[in-house]
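Listed below are the structures to be examined.
Consider the two complexes below, in which chain A is the common component and chain B and chain C are the respective partners.
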Partner chain A sequence: MTLLRPVAARAWRAAVSEAIERRGERFGGAWATRDGGWRAVMLAGDEAVVLCCDAEDGRVDSIVDIAAAALWDEREAHDLHGLGFIGHDPLRPLIEHTAELERWVTPVSGEGVHQVAVGPIHAGVIESGHFRFHVVGERILALDTRLFHKHRGLERAAEGLAPDDALKHAGRACAACAVANTVAYAQAVEDATGLWPSADLRRQRTVLLELERLYNHLHDIGAICAGVGFAPGSMAFAALKDRAQELNAQAFGHRFLFGTVAIGGIPVALDPPAAGALRGALRELRADALAGWRDLTFAASMQARLDGVGVLELEDALRMGVVGPAARASGVPLDARVGNRRLVYGGLRPASPPAATGDVAARLRIRALELEATCDMLDELLSLPLARDGASPGRERSPVGVGRVESPRGETVCTVELVAARVARMHLRSASYANWPAVARATAGNLLPDFPLINKSFELCYACADR
Partner chain B sequence: MFVLLRQLGEIRRRARLGRGSGTRWLGVRHVDAGSCNGCEHELGLVTSPLHDLQRFGLDIVASPRHADILLITGPVTTRMAGPLRTAYDAMPTPRLVAALGDCALGRNVLGERTELIGSVERLLPVDIRIVGCPPTPREIAEQLLDALAELGP
Partner chain C sequence: MSSSALIAVAAQLGGVALAPLLPGLVQTAKARLQGRRGPSPLQPYRTLRRLWSKSSVAPAGTGAVYRVAPPLIAACMLIALALVPIAGRGPDLGVGHDALVLVGMLALARFAAAAAAWDTGNGFALMGAARDAMIAVFGEALLVLALLVAALPARSTDLRSMAAAAAGGHVWGQAAHWCGAIAFLLVVLVETGRQPIDNPDTHLELTMIHEGPLLEYAGRDLAYLQWAAAARHWVMLVLGAQLFLPHPAGFAGALAALVVAGLAQCLGLAVIETAQAKMRVLRVPALLGLGCAVALAGVATAIAGLAA
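Coming up: the complex of A and B.
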């Protein structure tokens, strides 16, 4: 059960800093409500505490100097819910796109400094988003990202719905993270309604999450190859990804595993022959993926392009609350799978690359390591068939539930507030949302033509962040 | 990259697309107008050597000025309506508009919302409709080629 800790607006900063400094908790996202409420979820191990307060005259103290990870959350709450943040100055628009240029870009000046604007439409099959580079010659001094071109109001649309009906809102936030987002949402509702997943349900969801990680990591390795123009690598890994997705379709009826997650139960099953077939096919895929990876490690022309590019320093990764493979590649031993009792990850340790250099090379290597671990996990999980099973009631209920899942891109936190069995507020803070500011950080100081490579090494979703 | 060669044969057999056509060449410009990224993932695979859309005389081009077909995904968010229109206006004529995926065709899960235009049709004349959520790479290739065969450009 998630604890709710009401705080007076005046004591907001003190409460957050006490949570972080005294209790060692981690900021996991903040969201505003329609009636002027302001919440932050603090994470410690497998536990979550939600701090809540009512803004006074529509304003509350900013916490960005205590928790830098709250930067986008505060900007979003200002744009969507009209909250003001005392001390957050300048409070730049994030989702609001009508503001004039000077209000949302970082002021960068000096001899020869100019801006290069890219997007929202890009030259390829890429999601829409706008990047504004401040450059001198080819050197990038700073980057302002302006996303939310794809803002569909998913969270707002979920308000007032029955929890089951809002599941699809979490699911369609992003195809590539559909399982992670829906499992996080389902866990949040189960947390709020006092449900606990059965052993079978935990194993089912773990299998689905790892299958999602598998095709995403294959995709991401291919994307980095594409980022340096190494066609054999990008094509081989695109083919491997296609194969992994075909296995998803054969086993569960959908290449992106849409429709495989439900609240308090699971709509799919695998009988012994199907589980065995999937396990066998995954073994073959594992062998081919590792062979492909070995080929990549010997492609010297490619490897030479990755070292020292787009470095995200450990200190920055920690300060900015970066999650997932990107954090681990910088040396942060954080993985939301560890100790997650609503899933089956006993004994898992966060992967760490041989050298946590925080550059593109490290972000590539960490995925290869995790790919292998995921295949091994799946092999074990699929040694038994997957039965349909549900969750048992009887745990304590809570007005707000929290779900946490390690998506292919990192920790995704979903929070749900229920009032009279309806969704009063659903907040989905995906790993992409958490990590986008780090892309800009890692880009500064690099060359403009390296940006696509750096961007692909994070391979964040725009859809997940924009919602 | 021996892995690729081994997979290629299998995937091509599975895709069962024809051998490619004669002399036509059309440029396709993709615009994401608020998708969940599923349609993009699948479209990305259509143009990789696996399905190799290029052998049918279709290729993704970097600029709408080089494009004959505007291929649009997503329910068209209000924020993307402007850029989408700009891309369309930049195209030479004659031009075609293809709506890719159920969202673009006006069947997104959210229904009518103020954040959304709701479908491509409400903004631009649609010539080609590719259904699915998302359509698989093979379905995209097939539906696109069938529609072009009918339109006969």
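Coming up: the complex of A and C.
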């Protein structure tokens, strides 16, 4: 169960500061409710505590100086719920796009400084994102990102629904993270309703999450190759990704694994022959992926583009609350899979690259390492068939539940507040949402033509962030 | 007029029609090398036909510079085509066959593209034009030096004499010729806008060089520009075949060698583009500088050879 700890508005900063500095907890997201409430989830090991307060006159104290990771959360709450933040100045708009340029762009001036605006419409199959670079010649001084062009209001739409119906809203936030988002949501509801997953259910969900990681990591490696125009690599990994997705379709009926997660149970099973076939196909895929990776390591013209580009310093990664492969590439030993008792990750340690340089090269290498580990995990997990088995009640109920899952891009935190068996508030903070500010940080100081490469080395979702 | 001269005229006019085939061949070969089926080599013709039947549009606020640029660039490339002899023969079309005039035509086309980018004020067009200008500072020097290596043995900058001087097997015993060939390979990559210098397939505006100034153009204007890019392939590959690749002195043999060398160079470009990722843009001058050093070594040995 997750604790809901009410805090007086006046004591908000002190409560957050105590949690972070005294108890060593991590900020895991903050969100406003329709009745003027303001919540923040603090993470410690496998446990979570939700701090809550009521805004006074529609304002609360800002915590961005204590927890820099709350920057976007506060800007979003201001734009969507009209909440004011004392001490957050300037409070730049995030989702509201009507503001004039001066209000949302970082002021940068000097001789020869000019702005280069890209998007939101791009010349390829890319989601909508507007990037505004402040440059001198080819050198980027600062980057302002403006996403949230396709805000769907999924969280608002989920309010008042039965938990089983709201699952679809979490699932449709993003296709490439569908399993991670729905498992996080299902875990949050199970946490609130006192359900505990059975051993079979834990194993099934772990299999699905790792299959999702497999095709995403294959895709991301190929995307980095495309970012430097190295066609053999991007073609080889695009083909591998497609094979992984075809395996998803054969085993579970959907290339993006839609419809494979339910609250307290699992709607898909895998009989022994199917599990064996999947296991065999994954072994072949593993061998081919490793061979493809070996080819990349010998492609000198590609490797020459990766080192020292888009460096995210360890200090910045920690301060900004960066998660996932991006954090691990900078040397943060953080992986939401470690010690997660609602899933089966016994003995897993966060992957660490040979050199945690925090550049594009490190972010690429960490994916290759995790790809291998994922294949090994799947091989072990699929040694038994997957049965349809549910969760068992008996745990303590709580008004709020938190689900935490390591998606291919990092830790995704879903929080659900239940009132009379209905969803009162659902909040999905995906890894992409947590990491987007770090893209701008890692971009500063680099060359303009290297930005697509840096962006692809993070490979964040737009849809996940703009739910 | 002899029959070989007639064939040369026909081949030269044929260059206008055959030029789009070269980038088409490169694209097809590249797709095959990458395990894709890819478009037919005739795809550039289909694109040109489609673009030609569309009307042009101009961004608000642009003037004569923007409108004149596409036909001007196409005209420059047309003259460049007329300048380059075919199999060592060139009919007199009134523009001569001087190598330095060719350099000037290529530079004028580049200048027109940069001026048009300036006229639109489009960030990507200007960025591409600025990068192109930066690369041209080194690329044009390299082009002149490589041509000089070929001109010294001929004691003339007439492309016909240069092609004649490079015919036969004896030139391959001279170090200068090898230096010139290496330098000219880099020139081909620069002028045709191919990897590792530029990525012709990219859709990433921030990385564009030659594509950037084309972004605003549509319809007939874009057809002019795409034909001009194809003509640049033609000029470079035909020149490369006659000045720096093996060919016999006789017309028929030289023509056959030209066809083979043209196809081989298309395949070579496809192989390079498949095997090499794009370079970091600020490393390109270093590569071209190295090429200039090689070309200078070629010039020095050629002069030493002439003196001896």
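As a convention for this text, the second predicted complex is superposed on the first by the 467 of 467 C-alpha atoms of A that agree within 3 Å, B and C clash if a C-alpha of one lies under 4 Å from a C-alpha of the other, contacts with A are read in each partner's own complex, and residues count from 1 in each chain.
Criterion: a contact is a pair of C-beta atoms (placed from the backbone, for glycine too) under 8 Å apart; a residue touches a chain by one contact, two chains touch by 3 or more.
Keep in mind the model is a prediction, meaning the values are calculated, not measured.
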Touched partner set for A:P232, first chain B, second chain C, both or neither: both
First (chain B), second (chain C), both or neither touched by A:P449: second
First, second, both or neither for A:H81, with chain B first and chain C second: neither
Partner chain(s) touched by A:Y462 [first = chain B, second = chain C, both, neither]: first
Residue contacts with chain A in the superposition, chain B compared against chain C: B
Contacts of A:G292 with chain B and chain C, given as first, second, both or neither: first
Chain B versus chain C as contact partner of A:S301, first or second or both or neither: second
Touched partner set for A:D242, first chain B, second chain C, both or neither: first
First (chain B), second (chain C), both or neither touched by A:R59: neither
Which of chain B and chain C A:A173 touches, first, second, both or neither: first
Contacts on chain A seen with chain B and repeated with chain C across the two complexes: 123-124, 232, 235-236, 239
Interfacial residue positions of chain A with respect to chain C in the complex: 116-118, 122-124, 138, 225, 227-232, 235-236, 239, 299, 301-302, 304-305, 447-452
Contacting residues of chain A [partner chain B, same complex]: 97, 120-121, 123-128, 148-154, 156-157, 168-169, 172-176, 178, 219, 232-236, 238-243, 246, 249, 255-256, 258, 288-289, 291-292, 295, 461-463, 466
Residues on chain B engaged by chain A in the complex (per definition of touch): 1-4, 6-8, 11, 14, 30-45, 47-50, 60, 62-63, 74-75, 77, 79-80, 83, 87, 108-111, 113-116, 133-134, 136-137
Parts of chain C lying in touch with chain A, wherever the complex brings them together: 30, 34-36, 123, 127, 195-196, 199, 201-207, 273-282
